[in-house]
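In the two complexes below, chain A is the common chain; its partner is chain B in one and chain C in the other.
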Partner chain A sequence: MNDEKVNIKSYRDIPIAAASLGKMSVNKTASWRNAEPYYEEKSAPCNLGCPAGTDVVKYLHLATQGKYEEGWKTILNTNPFPATCGRVCPHPCEVNCNRENLGGRLNIHMIERFLGDVNFDKKLEPEFLEDKKDKSIGVVGAGPAGLSCAYQMARRGYGVTVYEALSEPGGMMRVGIPDYRLPKEILTREIDFILDHGVKLKLNTRIGKEITFEDIRAEHDAVYVATGLHLSRNLGAEGQELEDVIPGIEVLRKIAFKDEISLGDEILVVGGGNTALDAARSVLRMGCKPRIVYRRSREEMPAIAEEIEDLIEEGIPIDFLTLPKRVYGNDNGKIVKVECVRMELGEPDDSGRRRPVEIEGSNFNVEADMVITAIGEQPDLSYLTSDVKAESWGVLVDGYGRTNLPDVFAGGDSATGDGTVTHAVGHGRQTALAIDAFLKGEDPPDCEVIEHSVEGRSMHQVEWEEINPVYFEPAERLKPKGLEIPHRVKNFEEVYSGFTEEEVLHETSRCMSCGNCPECDNCLVFCPDSAVTKNPDGGYTINYEFCKGCGICVAECPRSAISIKVL
Partner chain B sequence: MQKVLTGNQTVSWGVMRARAQVIAAYPITPQTTIIEELANLVDEGKLEASFIKVESEHSALAGCIGAAQAGARTFTATSAQGLALMHELIHWASLGRLPIVLADVNRAMAPGWTIWTDQNDSLSQRDTGWLQFYCESNQEVMDTAIQAFKIAEIVKLPVMLVLDAFFLSHTAEAVDIPEPEEVDKFLPPYEADLKVDFDNPRAFSGMTGVDIYQEFRYLQHEAMNEALTVTEKVDQEYGKQFGRTYGLVEPYRCEDAEAIIVTTATATSTAREVIDQWRDRGESVGLLKIRTFRPFPTELVREALRGVPKVGILDRNICPGFGGIFAQEIKASMYDMEEKFRPDIYGFIAGLGGRDITPDTINEILEKTIHPEKTEKHLNWIALRD
Partner chain C sequence: MSPQIPGQITYDIPQQEIMSSGHLACPGCGASLCMRIALKIFGPRTVLCVPACCWAVIDGPFPYSAAGVPVVHCAFETAAITATGVRHGLDIRGIKDCTVVAWAGDGGTFDIGFGALSATVERNENIAYVCYDNEAYMNTGIQRSSATPIGAWTSTTPGEHPKEEPKKNLVEIMAAHRIPYVATATVAFMDDLTRKLKRIRDMEGTRLLHIFSPCPPGHKSLESDSIKISRLAVETKVFPLYEIENGLKYTLNHKPKGIPVQEYTRLQGRFKHLTEEDLKQMQQRVDYEWDVLDKRISLFA
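Presenting the complex of A and B:
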């Protein structure tokens, strides 16, 4: 029956049961549609959470299928440090993981670490995204931001020279993070891969000393400044000039370089950030008795939560709400005790945290023969020329890492102060794309898109309510195995071992691929009008002549990769 | 091949021989072992079929309807409350003209809760447009199962294969199982004319206007009428190939009978024995077995009972407020017969809720039919505890 109406004169003109005559052309079920489904891949919370902009949901999916090398390369696309970040990143990717409601958040960082480690012995050939160019950039500082920027620029065919003041590359990854969290051969291997892209590395080259900032600007078409935070803030207490009051970052650097260092026996570590924790746990492993004093409470501690737990497990005492007032030395200038005062939390300060206020008369003495300060670090920007706008806390940049000078870019902690390796890596990449655009005379790509690898996906973060939990079994989050406490506090062996393949597959099988279509065919199977067909080259097409907008495909999509709009 | 099979196993083996392609079923005593056996046969690879586990009888028949609409040979089985739960879709299957075969193990309706046999569950589905065959023995179950698919697919109506709970379902007998290649010759693969076809998409069971609904009913009724001859023909054909026929009705020793007792299902076997005893004593009594309830074989019944002075009808069922359902059907069939040929008809109710129908039951009915002085014409309760 075509569009014309058929006049049925006899029962002989009809089929034996009620059925449309001939084709369905007169009965296009779409005619009563008042809502329209459409495929819309959305952003998984892990993807939006990753400061490096890594396509987390994609590498998890690849790992599910045992495609570890592809998964590794997926991370390498945005982050040359998967094995490093898998170990040291505080994994903001996991914070909003929807698996929270079904056995606990996915242990994403352990999967990233596995992907970074599993092919450790395999030498990857560098993959260049663009042809070689005759332009070059100079990168000041071989930390995570600088190396990330160098890597992304080298992949795009630019000549890259990295200038590093220290004798080894890696920045804080090398001299700030102890071996028990990040074995240095892991870091070296990942840096070597960056250098394989033709990146030139000039070590022991401090700007302002061996070479001037003007020299570098003259030498290169653009400069990226990422020198980190390597000046420790003063203790701000009487006696701070004593010889054995040492900055935490100096202690960590000396330990990392295996330089001579004379440590006390009872060491007071001042501060609540990662430097304080790393310093305390490091000196514990060298036979000392560290004790942490922190002027606020545990909730305000800026250090990574798991690191705080590990430190407490290792038996290091923390005095919360405690402030050192005076360091007492003897006649030889050796520390004998530290006078502290108890604090209470008052009104919130500029950081939003409650301001600690001294409790009068609560002073007390702590036995100590050494004080390690870790109450914050500042950048040393003395090498910059005065035409680069900067404040004491860092270089002034926009969202693309652009300074007031068109050819000068800055990032990492010395500009953003975000404070993690992964943030620095993300910033290095983001700015590399801005530098690339600058050198091509183009506008830089959309910040948000770069930051979250959202090409082809909407920025909408998939929430738990959008997941169809019927399709997922509850399963527990796996935790890595740690060394026994009595053993681990005596050396710098890595505390946590990586996941086995079996553990990785358990963990990846828990991934719900929020917002991302792995082609499970549910929409196709459930469509009552057979209006969904699978494309030969992947994905699906909805036939809007027959889709009546019932929304079953949307309801049965386990992971919200389909949306519906009311017409 | 001969095997000792229960009635339920016989159903399963018959369905396997018929090569059903989709089975959707939900367990209920006394039907359960039918689908258990089928699940095993599918699992063992002896029957290539999709076995769909569902959450209710309603879904079971819905599954069969979907599969049949897609052109598959489909089967399901149930009993009593399960069949009642299917009721909406029982209509659907027939008006949709889908040749589904359903085995109903006759079980009395609750409450009180019961698992034993009587016919009220299947007879409640009288007006749904399904063919209904009531079986007397396991062999008849086997042969009817195979015939059922063929008849259904010719007339495009669903068929209910009915067997008594426990008296057949759980009682083992030697059954001759036709060889697969022979059955394949008898019952070729199902080719649906009107089915889901991706190359020719169309809507099924859609809104049907006042201008056309009645015509679908007419076609359904005509198909039911056609089923009378088709059933006869298929039975004959089956007989030629396998050596066994059953007819729509079966008169037994009815020559010159003064009185005839009408029975269905397993009560027939008992009645045969009793008739033999009466005949041996020189009494002119006979038996009429009704195997096909829908379509009702009116002409065959009229032929068998024409001129017989007295007829007693044994109903293992009750239409409350009227009487026995078979009696009602037979009386209606005889109404316009010339008075001199029209028998006196007496209705008897016995064996409800699984109560035994013994030779004494049959004797009593025969006595009351031949000597009707104290017999009610319309309705007599046998072995009622009064």
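Presenting the complex of A and C:
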């Protein structure tokens, strides 16, 4: 039998026993259709949630198959710090995870951490995306933003020099986040990989001191500034000038560099952000008795939620809705006590959080011999020339990190208010793409597309309602194991251990690959009209000559990688 | 259904399409999908004996055919005996490598072809019989059959007088014949369906597969819901998946979740006239029938 129309011209063409002569494929049922399915990969919530723009769905899928090196390289494409971010990123990728409804969100950051760690010993050769170029950029600040930008530019063939004021690179990853959350050999290894790309690093070189900003502008075709927030805000209470009132970031930096530091016994830590928490947990580990005072309530605390839990678990008391009013010193200038006042929450302020107001007459004294201030940090932009537009909180930039000067770009904490390592990494990469475009005399690629690894998918975020849950079994989210409390508060050992391979595979197998076709064959199998075929090079094709538009393929796609339009 | 991990869903179904596109089934027709899958499993050396029913039309008009294998169109009541005749004819000619399949609707099986089927099973003729059950005479305009469930609307049991009699239990009747193999299946449980199709392809003697088959125009359901409805039929215990060997050995193939029957009926306009009270009674009936089956299964495991 063939696919062609059968021509019966006379009764002689009719077989003696009535038998078919051709296939029904002559009958093009396309005309029956009033709706049309089409393959449309969509964005998973994790992909849209990652500030570094990492293709999360892709690396999870690779990890599911045990392809750990490929998974690692997928992350390296957008983020040179998988092992670091797997540890310290507050993982906004997990916030909208559709697994919420089937045993809990996926523990994505632990998988990222595993991919970073499991490839620890692999000496990966740098991969360059483009040929070497004779243009160069200067990067001010070796924090995550600066290093991310340097990495992306080096991969694109540019000469890159990073100028760093401190004696070691890493920014707040090195001098802010303590060892018990991020062991420094992990950070060093990931920075070394960036330097392997031919990035020149000039340490102990503060712009505005050792070299001027004009000098590096003259030396390079473009400059990226990402100098972070390294000035601590004053306590704003009487007695703040006393010797033992010390900024949290200074304490943390000294601990990180193993510099000499004299600590008190009972330490009052003021603030509710990461600096406050890390300072308190660090001094606890050095044998002191820290106590936190924070002027708002727990809900308003800007620190990462898990860190707050860990701190409370470690037994550090927090006085919420409490404000220090006055630090009392003795005749030798040594702190003896701090007078505090209780607060209550009033109307919302500019930040949308309710403004704390003092409760009159609620003053009380707290014993303390040291005060660590951690009520916010500011950028030190004194090195910039006055032609770069900036405010006290940071350099003014557009979505691409472009300043008012065409060859000057800025990002990270000193230009945006985002305040996480991963945001800094994302800014560094996005701005690198903008600098690349500037140096080539082109327009930069679409902001939204470079912000998230779109890779041919639509920006539509797959919602739970679009998942067909029958194809997924409920399974619990695994949590990492932490050191016993009595042990962990005595040293700077990393608190949480990584997942075992088995745990990783449990988690990855829970991933539903929202919006992304892993070729499960459901559309192929369930089409009543044999109108779906599998492509030899991956994916499927709908034969629109025959599709009747029933929409079964759309309904049975477990993860919304097919859409339908009404005609 | 086995847990499905992204990228690791595996269907054991041949890629080759035997049934062609362009057939005349309505969009979303369960009967066309189960034929497509059945032919992939049966293979090209298959003869279909199709009596009057939707499938007699779906296959296409002379001189065309969609099945991709020989189809013997036969009279409404004769699917089983036509298949018997074809089998004997092939046997006489020494052709053993062909699967002969009677493929009939519920009307042709539960009602008009019932006598012929009973006689065929009684003689244990060497044929496979597939009844795709869309629970009414769909081809002629949705008239009730003895497979129509109680309470359902059809054109002969209108909403004011929905069907009063419960569905005939074909599987039990077949078991009472001590048929070598009888089983139920739906397209929503693909692995189960394909395993059973292989079983009826490879066995000797009469074997019957009863496939629940959603029909969007006849059930007044969405075309895209056919698989979902099939799945719910099983999970609500309305259509349990089980098999019986030699009329005595019962096996339950999927433990139903016991989802409320309403989840199943609400997707189908043929049940839309049912009141809360009607639905309560329907639930009780389903639970009762399930209990009976459950007892049989534990008694004759």
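Annotations
Keep this in mind: the second predicted complex is superposed on the first by the 544 of 567 C-alpha atoms of A that agree within 3 Å, B and C clash if a C-alpha of one lies under 4 Å from a C-alpha of the other, contacts with A are read in each partner's own complex, and residues count from 1 in each chain.
Basically, a contact is a pair of C-beta atoms (placed from the backbone, for glycine too) under 8 Å apart; a residue touches a chain by one contact, two chains touch by 3 or more.
If you're wondering where the values come from, they're calculated on a predicted model, not measured in any experiment.
Once the two complexes are overlaid on the shared chain, A:A18 sits against chain B and chain C alike.
Look at A:I375: by the touch rule set out above, it reaches neither chain B nor chain C.
By the touch criterion defined above, A:I8 reaches both chain B and chain C. Between chain B and chain C, more residues of chain A are touched by C.
Of the two partner chains placed by superposition, chain B and chain C are both touched by A:T29. Of the two partner chains placed by superposition, only chain C is touched by A:N543; chain B is not.
Of the two partner chains placed by the overlay, only chain C lies in contact with A:T64; chain B stays clear of it. In the superposition on chain A, A:V199 contacts neither chain B nor chain C. Comparing which residues of chain A touch chain B with which touch chain C, the overlap comprises 8, 14, 18-24, 27, 29, 530.
In the complex of the two chains, the chain A residues touching chain B come out as 8, 10-11, 14-24, 27, 29, 530.
By the touch criterion stated above, chain C contacts chain A in their complex at residues 1, 3-9, 11, 13, 15, 17, 19-30, 32-33, 36-37, 59-60, 62-66, 68, 71, 187, 190, 216, 222-228, 231. On the chain B side of its complex with chain A, the touching residues are 95-98, 156, 193-194, 198, 200-206, 208, 211-212, 215-216, 218-219, 223. On chain A, the positions that touch chain C within their shared complex are 1, 6, 8, 14, 18-29, 32-33, 61, 64-65, 470-473, 509, 511-513, 518-522, 525-531, 534, 543, 545-546, 548-552, 554-556, 558-559.
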